[in-house]
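The structures considered in this document are given below.
Heads up, the next two complexes both have chain A, just with different partners, chain B and then chain C.
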Partner chain A sequence: MTELAIVFFVWGFASLANATPLILVTLGETLGQRTGIINLGCEGGMLGGACAGFGAAMATGNPWLGMIAGAATGILFAALHAALVLGARANQLASGIAVWMLALGLTSYIGRAFVGGRVEALPSLAGTWVSSLPLVGRGLEQLSVAAPIAILLVLLAVWWLERTRTGLSWRVAGESALIASENGMSPTRARLSAVLVGGCLAGLGGAVLSVDYTQTWANEITKGRGLIAVGLVIVARWNPRLVLPVCLLFGLAETAAVRLPAMGVEMSSYLLSGLPYAVVLAALVANHLAFAPAAAMPADLKKVFD
Partner chain B sequence: MTPTSSGRTLPFAAIALATAAVFLLAAATFFIAIGQAPLRAMIDLVLFATGDAFSRVESLLKAAPILLCAIAAAIPGRLGLISVGAEGQLHLGAIFGTALVLAMPQAPAIILLPATLLAAAVGGALWGGVPGWLRGRLSVNETITTLVMNYLGILMVNGLVFGPWRDPANLGWPATASFPDAARLPVLPGTGLHLGLFLGVLLALGCAFAFSRGIRAERVRVLAMNRKVGETYGLNFPRFAVILMATGGAAAGLAGICEAIAVQGRLQPGLSLGYGLTGFLVAWLCGHRFLLILPVSILVGGLLAAGDSLQLFHKIPASSATILQGLLFVTVLAVPGVLNRRAS
Partner chain C sequence: MQYSPSDNMAGTAAIVPMVSFRGVVKRFGALTACDDVSFDVAAGEVVALLGENGAGKSTLMKTLYGIHPPDAGQVLVEGHPVAFTRPAEAMAAGIGMVFQTFSLLPALTVRDNLAMAWPGTPWFLGPQGRNARGALTRLAQLAPGIDPDARLGTLSTGEQQLVELTKVLNLSARLVILDEPTSVLTPAEAERLYGLIRDLAADGVAVVLITHKLADVEACADRVVVMRRGRIAGTGTASAMTRAAIVAMMMGDTGVRGGDPRGLPPRPDLPARPYPQLLLRDVTTGTAPADAKGITLTVNRGEILGIAGVTGNGQTALAEAVVGIRELTAGEVLLDGKTISRRRLEPRQPLAIGYVPENPRENGIVPGLSLAANLALRGIARPRQHTMHPEQVTQCLTDYDVRPPDPGRAAGTLSGGNVQKLVIARETGEQRDALLMVFPTMGLDITATASVYHRMVDAARAGAAVLWISEELDDLLELAHRIAVIRDGRISSGLPVTPQVTRAEIGALMTGGQP
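Let's look at the complex of A and B:
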């Protein structure tokens, strides 16, 4: 019994470490979608962030510079998406895919130089005061500072959306661009800033993934995490608070896929690595069965989905 | 279906010319950035794609899966659905077709070949039909589900060829046994051009016909323009969504089995070089017009085939082709919008 409890306990923290990049991307995508812009290109932003972040961390030996480079690259790709949808009024879904395609090619081109490179991870929580905490200390030791930073950013986003004037203008832009401009707010400015902040978080998430979590660079290292984030925003019902539990679900599935074989479960590792994707699909369907997500969807976003 | 803003629009030819010019400029910039002489690289690109009989066959071989995947995206596109699932459907088609070949390898070609193609179409249709059903019945966004299902399809192929389907005679190489001769696609003698390309052309022509006239085409058009209006006339949107997504999936499934049978001769990882995404780009580029998809697929197939040769002779990495595709997609989305905005 206690053994089982320990397994779940260890898995919980492993899931959080796994889900940290996804939490950042999903949070960023939530902010963008709250203003009425869906960005499938966050997969590209995340890839770009993972590539540039790894390159910067490798070259300088400083993981924090990797984070900065990753975030900046994420902003760059988001700016392209914003230019296409806000400037050229392109279809949002198509534009996101175009940005993703470009990032896919660019990162695999530039990333050739990073294959086999070594980076230093972000500081671990092990050996700090958290290790001495009763019960949770042993679990927290497995984490780096990335996880608490991601959780803080989620709280910050909740406060920003619900308690600040700018946050209000973002939400209004998402519900109705018309009402926003009638009340003297600029919906375009709200959307531009939210998409750029979303890109920043996507790039940061990518950098955390390559520099801190896997500490390697590989082509298409994100494996669709950014695309999954777009789906998880719906499951989280556009509520930044729910980003945390929803992403943990994915993290848990990935942890299970990695750890089940070691526990004697005989199953193809390839089929097991499909588990997180199946879980996300199931969550998406269950969410549509249980609630009507359209009710929670920012009204202006519905135009994209119809 | 062309995604542009409302209001006064410029003539199609002007927009197409401007888009092509901007893309050439972007491509030239890219070649300069990677240290290649842009004119030389672009001339070589054309030469490598069309220069001799061999390269023309290579271009057409690459065009076959792109054409089928573009059809897979364009059919649901006619209903206003954005399906990016051809990559997964292609893999499912390969799985279903291969399962049939492995189940009855001794069957004569006259039975085995049609049955294999049919099984592949069913596999692809399943992987397209499910997101279609989810969209129709539950309003689950089909773009997201198809994208996620792509990863599942690829992992399933890997799981099978690294697992139960791995042929021990391959000495550890993850692949099924070579397909029997009876399962080989008919090939144009001396070229290697297989039935897949022929199927794609036939499908494109058939779709062009089916979606241009008749009561069904009209129904799809009405539903695409306004679902509510269509439904007040008694049209069943969910049913159209399932049928069109499944039909598209079947086309991509055919692409998958044709690659496995004709190009690789067995099922193994690396079945597709991103044909699904390229097909999506082609379909979008052509505004889901099948008669336009036909030549553009061949052009893009040429680009990919030439990319292989550029990699060989100019030491330009394969990812350059993906970058050029990305640049093309961005240009196609940017230029018409900006021009129309200026004009209105």
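Let's look at the complex of A and C:
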């Protein structure tokens, strides 16, 4: 019994490490969607961030510079989406897919030089004061500083949306651009800033994935996590508070997919690697059956699908 | 029309009016919405701007508010010419406008809705928006009953209007423009609003009340400005003008017919022997506030049964359940002894009764199809039936006064009144055993309203059982044989319309309060 508890305990922290990139991307996408902009290009921003971050960390030997390069690349891709959607009034779905495809092509091309490269990960929590904490110390040791940073950013986003006037103007823009401008706010400014912040978080998430988590570069390293994030935003019902548990669920499924064979569960590895996606799909369906997620959906976002 | 100081300004000529319109002209293409309009509004004065739909009242106010800058003429605020191009500029100058559709967000709390527009809101809102509580001060005075942490969407329309009014007053507005404010209110809420308007005026705020209801004028206006076809048809002190004089000004030479100044038909006589034609038995569509719950009613042949109530109290669910386009969870609807309601929707089954839905532009026509095709919509479900010849279509359009009577024209290009006439032509064009009308005169002017009521009365005379859902109490009292009141999806028993039934009595049933 205690063994089982330990397994779950260890898996929980492994899931957090696993889910950290996803938490960042999902949080970024949540912020953008709260202002009424859906960005399917966050998969592209994540890929770009993973590629540029890995390159920068490899070239400089400094993982923090990798984080900065990743975030900056994410902002660039998001800026392209914003220019298409807010500037040229392009369809949000089409623009997002275009940005994603562009990033896919560019990172495949540029990333060839990074295959087999080595990078240094972000500082680990092992050996710091957290190791000496009772009970959780052993689990926390497995993590790098990326996980607490991601959790802090989630709290910051909640604070930003609910406690600041700018955050209020973001929420207003997501409900109705018309009413925002009628009340003296600029919905375009709110959307532009939220999309760029979202891109920054997507790029950072990508960089955490390649530099800190896998510490390798592989083509299409994100394996659709950016798109999973778009789905998880719905499961989290556009509430940044729920981003953490929802992403942990995906992380847990992915941890299980990796660790179940080691525990003697005989199942095709191909089937197992599909498990996290099946879990997200199930969560999405369960969410639709249990709640009416459309009620929590920012009202102006619905126009995207009109 | 020459500019002249307003009637009640005599003796206070030294005081600069809060707002002056001088020869304001606004054109939309070939249409001149405002044509050389001049008048003043003084601080502390309530001006009722009256006129039919399309008379140019709202457009005139929008020239001031920066939505439709005028093509010619001048607007002065406290003697200084202004030319606002955005509402934000007008707001900064102390002008606030409350539109019929509120500029509020149903998904946000009352607190957030007020904080978003209050200039005093600090960047850091604090826990539960505590630092922006100054935005709530006025709400506490206007409506102490409203919970600031409630989602706006859970409030009644009247309460939402008070939130909107608070928001406008928070901008330290010295001129408040209210666009048809009482059209969404219960009688009790309207009374409270009249009181608030008087209080504002006493505080020195100038108020412009855009309305087409004479009751509004009598209740709280100092002065009346009547517009017709973009021009000022007359002005006067409210207490010195009779209803008939105001209606005559609004309608011009053409409007007033018969005994009733609004040209309403007389209530039709009931057939000697009552025959229960339309039966609603325990009609239930669900448990939500806007669902119908256990509604039982009988409508006799030739009878008009009015259902009064504030919008959103289950009228839509009831109507859709009766015509058979919404599933019932319990109960049934019988027409002449046969069940017409459905537990499971079968889309191919045609509607058994004439149905004039609410908001006909959205629910009653296919905007991209021609008038002829829209008239024939019911026939499409029964392809074997002969379709109308083009001459018949034109004749039908002319009979029902659909303008222009051009069968090939797209239905979406018609004005609101003509869309409604088109729907009525389709639904009452052939004799039906029952007719259901939902808010049939909403947004229509006096002439179009009278024409809708004539058609309704004609249908009743021809033997249809008429179920008429409306918010217009005066009209219900005038035309219906009995009135039932719907509230929270439940219905009161039908009161026969007698001189004893008063607005207050029905109003109390509508709101659940005591008369």
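FYI, the second predicted complex is superposed on the first by the 305 of 306 C-alpha atoms of A that agree within 3 Å, B and C clash if a C-alpha of one lies under 4 Å from a C-alpha of the other, contacts with A are read in each partner's own complex, and residues count from 1 in each chain.
As a convention for this text, a residue touches a chain if its C-beta (ideal position, glycine included) is under 8 Å from a C-beta of that chain, and two chains touch if they have at least 3 such contacts.
Note that this is a predicted model, so its numbers are computed, not measured.
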Regarding the shared-chain residue A:163, is it in contact with chain B (first), chain C (second), both, or neither? second
State whether A:299 touches chain B only (first), chain C only (second), both chains, or neither. second
Look at A:118 in the shared chain and tell me whether it touches chain B only, chain C only, both, or neither; answer first, second, both or neither. neither
State whether A:94 touches chain B only (first), chain C only (second), both chains, or neither. first
Per the contact definition in the header, classify A:175: touching chain B only (first), chain C only (second), both, or neither. second
Given the superposition on chain A, which partner contacts more residues in chain A: chain B or chain C? B
First (chain B), second (chain C), both or neither: which does A:288 touch? first
Chain C-contacting residues of chain A that also contact chain B: none
Chain C partner, complex, touching residues on chain A are 162-169, 171-172, 175-176, 179-180, 182-185, 298-299
Quick check on the complex: what are the chain C residues that touch chain A? 87-88, 91, 103-108, 112, 115-117, 121-127, 132, 167
Chain A residues within the chain B interface of the complex: 40, 80, 83-84, 87-91, 93-95, 97-99, 101-106, 108-109, 112, 223-224, 227-228, 230-231, 234, 268, 270-271, 273-274, 277-278, 280-281, 284-285, 288-289, 293-294, 305-306
Tell me, which parts of chain B touch chain A in their complex? 3-5, 34, 82, 84, 134, 138-141, 143-145, 147-152, 155-156, 158-159, 162-163, 227, 277, 280-281, 284, 317, 319-327, 329-330, 333-338, 341
